[in-house]
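Multiple structures are listed underneath, in structure tokens.
One chain, subunit A, links the two complexes that follow: it is found with subunit B in the first and with subunit C in the second.
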Partner chain A sequence: MASSTASRRLFLEYKNLTSNPPDGITAGPVSEDDIFLWEALIQGPDGTPFEGGIFPAELKFPKDYPLNPPTMRFLGEVWHPNVYANGLVCISILHAPGDDPHHYEKASERWSPIQSVEKILISVMSMLAEPNDESPANIEAAKMWRERRGEFERKVREGVRRSLGVS
Partner chain B sequence: MDSSFNVADSSDWLETPLSYLAPVEQVLRCQVCKDFFDTPMITSCSHTFCSLCIRRCLTNDGRCPVCRANDQEMKLRSNAIIQELVDVFQTARPIVLQLGKEVKATRDGLVKRAKKRKIEDTDIDDEENVDKPYNGRRKTRSQQQSNPFVVEPSMDQAMGDQKDGDLQPDDGLAACPICKARMKEEAVFTHLDIHNKPETVAQAEAEQSRLTILLHFFISILISVNANCDSRRPRTKRELLHELDIWDKTQGRQVYNSSNGGGGSSSVMDKDFDGAAWATSHDSDFQNLIARARRKTKPKAEDIRTTEESNVPVPEHSNGNEILPNHILLASKITDDPDRVPQAQQDNVTSAARNRPVEVPFVDLEPED
Partner chain C sequence: MSDQQQTLSIPSLLLLAAFTAITIRYFFFTNSSTTTPRTNSRTANPAHVEQIATMFPQIGRREIIWDLQRNGGSVAATTERILSRGGLDAPPPSFQPPIPTPTTTGTVGTSPSQPKPEHIDLITRYNLSSKLSSPPSTPLEGIGNQGAAQAQTWSNNKNERQALLQRRREEMILNARRKLEEKERQRLGQGA
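Right after this comes the complex of A and B.
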């Protein structure tokens, strides 16, 4: 897809996110020169161990966006079953329908051109609250979340405090 | 990058009192490119996208982006009416959006002004309290006065203030406390509206009713177009336009009347319409019209063009529009005859004028300064 289509759509999404932002989410291009690289800030959902944290992440869009999804990577430390050690987020909405690494994601949950940055970020926010341990990206975290919930929550809270510089 | 702030987007409506137009606009945008539909095509599963967008998607994975049903490019069919809908909407969009922003600005201004007035009134009270003997009474009055929307107290006190030395003639009539015109007691309240309503409120109301009519007009277009899409025997464009014309003459008028008459303000058609007060409050307009008429008859000998350019004052936008009901203005634009007067519009709309395509006349609907 012509990249002008992709950038126009990203402009439109950016404007819509700025004038009508969802709760706990901000996002936008990092610099004026490259509309295909965004930074996002996600608030940790209330009532979860992530509460009170602010999680920065970067989104990289392909030139044929929205035919294919962007990739999303947390820039800080996030201890979570669906986040790789390098911060890469593994969630079904970020997987193109033809590309199913684990073979048990429903097609309806996967990327489609009608999805948007806003929907991705909302999905990631709810992923923080409810991990999906069927297709873990961080096997250690998934095990801990399943078997030693208390320890998992303590570890997450410590991470949040460290990222805020209060411990 | 700057262009990101200039792109039109459905969230533009959210800053205006017309936020309910945001979802209307969203429906007119392709879910893939998020732009207004460009050559809309409908899939076998009845979802509509820009031709380019859906062809790219189908080439990519052969599925509808909304429901993921399999589909093929050769099964796509044009959804022409959506294109027309997008075209008329886009033509009207900047005008309606501008009106919405103006209404917002007027409202914000009103709130500020009301606050300012309150502060000023308190200052005056302090000064007055020094030398007025009945300062307690004065204070309550002034406080009441600070609210421009309360009719009764301001009338009572104004009567008290002004009639102190005057003897009232015993004619069974009551005087307007402001212009002192005499009338039946029950007519005073409606009459007072003319004095009490701040100009900006009246303007805001006029804008509001204009917007209501435009909005209903859009909705009616949407309804007829959608119904036509479902129909097994779609009506022709001519028939659709004829229906719209009928709508304008029936519901359009009702919309206008309800948005105008609801607030209890007297209308020219009312039985107890206060003609004298109307004449007083619109005196300057009438004088202006008379002056212009005189000027037009006079300069036969001189060069008419230069006289008009130099002397004739530009008529004010609001005055011109308040005389004609808005839907009639709209209708006269649609029949492409700007000189049509209301009576003529009601009776003899020629079928030729009525059946002109909608998209052309809308271009004329440009805001005047």
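Right after this comes the complex of A and C.
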């Protein structure tokens, strides 16, 4: 029962995202046989070192979506303070209101059923442009971003080129 | 009146009997035959056992497995109990689970290196190398002009939808690749 609500909602979100896609975002189920596993492509925001890059990510939805948020994991290399080494994205919109591992997030920023996949992807896109220094998931990247910005940007740009097969 | 009460109590009696049977069975199984494959769903995950054993080398694996089985396999709950009480309850002597071989260097050596996958590039990942050389479908106006590109994105046919999504993904990657190559050419041109 609950999971059919979830699939209906996900299908609707898929339809809306496809008919009216936000700039630089393509997202949908890997296969419609499993509507709970999506793959998204996010374009690196202009004016940032991520510019020109395409970042694939996987979204896994819980059976009780939208009560609980999906998890999101970048499938390629993303050197960013808020992305773990294994690609897992750590931002407030992906945290359920109940769990606040860092005790800094406002309830309004966190996941709630009125959020959507589209809002998650847009938040992640702006996270690429503006890292949140308060809760680094990748401490090395956060340190480099804070102290050696030039090196950080160079490393990100190299990653973008590598990911598109231009070396 | 009493007849009705009689009929009502039979299902509940049956239910009680079934419940008792299950309970007895449950205790019987966990005590005597933990090694049988039938209890596999209840046996602790060896990875979890290993994880806790690494954190608390002073705790025996038998105690860890016992605790994990009783709390439904929650690593967090077992960890919490060890931290708050300094140890775990001793399992009954009859509890003799198959204890995983303690830290063979092989398993420990490979597991930390596994979560570091080699990143493959997008062209390989989406199998686009054959499409790289082919010219862009609509050279410049198609990329910049969104109105034209928004021809059809949604279809009511499942397979068609899948194909459309696939094409949008591929176009997004190929466009990015072309733009990067273009930038590269300009950069090299300026350098020369």
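In this text, the second predicted complex is superposed on the first by the 166 of 167 C-alpha atoms of A that agree within 3 Å, B and C clash if a C-alpha of one lies under 4 Å from a C-alpha of the other, contacts with A are read in each partner's own complex, and residues count from 1 in each chain.
FYI, a residue touches a chain if its C-beta (ideal position, glycine included) is under 8 Å from a C-beta of that chain, and two chains touch if they have at least 3 such contacts.
Since the model is a prediction, treat every value here as computed from it, not as a measurement.
Looking at the shared chain after the overlay, A:67 reaches subunit B, while subunit C stays out of its contact range. By the document's definition of touching, of the two partners only subunit C reaches A:77; subunit B does not. In the superposed model, A:32 lies in contact with both subunit B and subunit C.
When the two structures are aligned on the shared chain, A:112 is found in touch with subunit B, with no touch to subunit C. Contacts of A:9 after superposition: subunit B is touched, whereas subunit C is not reached. Legend: residue contacts after superposition of the two complexes on their common chain; A:52 is shown touching subunit C, with no touch to subunit B. In the overlay built on the shared chain, the residue A:92 is in contact with neither subunit B nor subunit C.
Contacts of A:161 after superposition: subunit C is touched, whereas subunit B is not reached. Within the superposed three-chain model, A:19 lies in touch with subunit B and with subunit C [touch as defined at top]. Under the contact criterion defined above, the residues of subunit A that touch both subunit B in one complex and subunit C in the other are 15, 19, 32. The touching residues of subunit A, counted against subunit C in their complex, run 15, 18-19, 21, 26, 28, 31-32, 39, 41, 43, 52-54, 56, 75-77, 85-86, 160-166. Subunit B contributes residues 1, 3-5, 7, 9-12, 14-15, 31-35, 52-53, 56-57, 60-61, 63, 65-66, 68 to its touches with subunit A in the complex.
Residues of subunit A touching subunit B in their complex: 1, 5, 8-9, 11-16, 19-20, 29, 32-33, 35, 66-67, 96-98, 107-108, 112-114, 116. Considering their complex, residues 115-116, 119-125, 153-154, 158, 161-162, 164-165, 168-169, 172-173, 176-177, 179-181, 183-184 of subunit C touch subunit A.
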